[in-house]
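Down below is the structure, laid out as structure tokens.
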Amino acid sequence: MNARIMQQDNKVLKRFFSLDHQTYTDGALPVKTKELLGLVASMVLRCDDCIKYHLGTCADLGVNTDEIYEVFSIANLVGGSICIPHTRRAAEYWDELIVEKTP
Amino acid sequence: MNARIMQQDNKVLKRFFSLDHQTYTDGALPVKTKELLGLVASMVLRCDDCIKYHLGTCADLGVNTDEIYEVFSIANLVGGSICIPHTRRAAEYWDELIVEKTP
Amino acid sequence: MNARIMQQDNKVLKRFFSLDHQTYTDGALPVKTKELLGLVASMVLRCDDCIKYHLGTCADLGVNTDEIYEVFSIANLVGGSICIPHTRRAAEYWDELIVEKTP
Amino acid sequence: MNARIMQQDNKVLKRFFSLDHQTYTDGALPVKTKELLGLVASMVLRCDDCIKYHLGTCADLGVNTDEIYEVFSIANLVGGSICIPHTRRAAEYWDELIVEKTP
Amino acid sequence: MNARIMQQDNKVLKRFFSLDHQTYTDGALPVKTKELLGLVASMVLRCDDCIKYHLGTCADLGVNTDEIYEVFSIANLVGGSICIPHTRRAAEYWDELIVEKTP
Amino acid sequence: MNARIMQQDNKVLKRFFSLDHQTYTDGALPVKTKELLGLVASMVLRCDDCIKYHLGTCADLGVNTDEIYEVFSIANLVGGSICIPHTRRAAEYWDELIVEKTP
């Protein structure tokens, strides 16, 4: 649907989507840290699609499972048990991503 | 399920559901503006069912696609990228509504 | 997925999950009241999985339908119409639970 | 400010404020339980004014400190560490209320 | 603090702040409608500073008190009683703005 | 107030507060990254006290201003313009912390 949304030519929305991509590029903090930040923010705000997106990028960047679970633990502590169902779905999706990457 | 809920005869819940309908009637602000207000509130609170409901009423009221996308843009700016997945689903549903209405 | 999550041996996450269970045991307040508290918190935070979990425990504890609807009414008043779709799904699930329990 | 808001004669707002009062009256659940439900909902949604309001009513109803702390514990578990600052302020306000009531 | 934040030269933050301003300019929807949308979004997300900002712009644009209270009513219905304390502060601030503008 | 809360001897609350401290210790991810994760989570959930706490720890750990502003930028993008007032207060507090540390 991103292409459809872009096609409508709403300048604010286009710039916002573009800014969203720029946010997770290398800078004072490495991309990996930024993706972990995006992941924990998505978890405490409880957005499954956003969680999946950042998990995908984390897998591409070689983040390991122990690191991912530490992000899960911070998200649950800060955001509360309301994050548990999202953690379950995130853990399941992460396992799928890891299996795909295993040669 | 609304009929089922009404049947239980919980007075507070019945009055609340009734009040919900009264909220979006003509007054100092026209119905169309109120529906746009209901839409943007639903988007920043990220409730897909509520978004669909208000998109449906907006389509009935003749709101056009550029206007809807301006609501989307405000919702994304105020509510953040966490609203993007809801915007994608909203854009898809809006296109379906518009196709249905095209003679 | 809980077993999978436990298997990863993240101490914070394990303790948090364990603490989650301890929270709803008898104490100064009876278990039934605590489950109603867990239910209303899940409704205003709009977590369908959490709502289902607490509805299940409430059914096991013999909470009746009028009591459940009073929790629904408080959740809707405090949390707003954004809780209505969750209330519909909760009402539907509750009816299923009650039918199962009817001899 | 409630009197000022009522004076404006917005029917939806007046009915909503009135409904808010009806919500916490005796019914299938006793008033005390409903106030505890209002309290935990206010805590997980992190509204200090709402928390104070329900703590005041709880003190009037004779809820004891152990019971209040069990509500605090559920709110923290469900809502996460983000509720800790609100819990601190709530604990402080509760102590003031209790001192006032001690003969 | 905006000048201080700009001075740090974080590109994403600068573009985001700039985009925030572009969002509320004339387009398919008039500025007045957009400010009402910004106001209702700020109320359901319960940000007092954001509410004040949009109330200020609404006062400048000649929005009248009945219109503002209709936005308040939608915010309370959608967002729930948790918005009441914010509505009280908003009503008080609005009265101050109106007095200032009265010749 | 933490001492007062501990004194009440609510086991769940005590364990939760203790777990909160364990969360930000070294592990698969370094403490610095964990504090940045705690900061961004606090920002998108808009808790000023939590933001101050993590900024304080970040200053102790030697996080620099450019890194902090990258966390601010991610928080604003993910959480939206509703985070701007919290960002202003965070930026002001950060400057105070840095001045204190300058010899």
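Assorted remarks:
All chains are identified by letter, namely A, B, C, D, E and F, in their written order; residue positions are counted from 1 within each chain.
Note that a contact is a pair of C-beta atoms (placed from the backbone, for glycine too) under 8 Å apart; a residue touches a chain by one contact, two chains touch by 3 or more.
Worth saying up front: this structure is predicted, and the values here are computed from it rather than measured.
Listing every chain that touches chain D and chain E alike gives A, B, C, F. Same interface as A-B, judged by over half of the contact pairs sharing residue numbers, among the pairs D-E, C-D or B-F: D-E.
Comparing the residue numbers each copy contributes, chain B and chain C share less than half of them at their mutual interface.
Comparing chain pairs A-E and D-F, the larger number of C-beta contacts belongs to D-F.
Ranked by separation of Cα centres from chain C, the top chain is E. Fitting chain C to chain D on CA positions gives a rotation angle of 180°, reported to the nearest 5.
With centres set at the average Cα position, the gap from chain E to chain F is 27 Å. Distance from the chain B centre to the chain D centre is 30 Å, each centre being the mean of its Cα atoms.
In this assembly, the C-alpha centroid of chain C lies 36 Å from the C-alpha centroid of chain E.
In terms of their C-alpha centroids, the spacing between chain B and chain E amounts to 20 Å. Within chain A, contacts with two or more other chains are made by residues 12, 16, 19-20, 23, 41-42, 44-45, 50, 66, 69-70, 73-74, 76-79, 81-82.
If touching chains are joined by edges, the resulting network of the protein chains shown connects every chain directly with every other.
Put simply, chain C touches chain A in their complex at residues 1-2, 4-5, 8, 10, 12-13, 16-17, 20, 41-42, 45, 47, 49-50. Across the complex, chain C meets chain E through its residues 44, 76-83. Residues 19-20, 23-24, 27-29, 33-34, 36-38, 40-42, 44-45, 50, 64, 66-67, 69-71, 73-75, 77-79 of chain F are the ones that touch chain A when the two sit in their complex. Chain contact summary for the complex, chain B toward chain D: residues 11-12, 15-16, 19, 22-23.
Those residues of chain F whose C-beta lies close enough to touch chain E in the complex are 46, 65-66, 69-70, 72-74, 76-77, 81-82, 84-85, 87-89, 91-92, 95.
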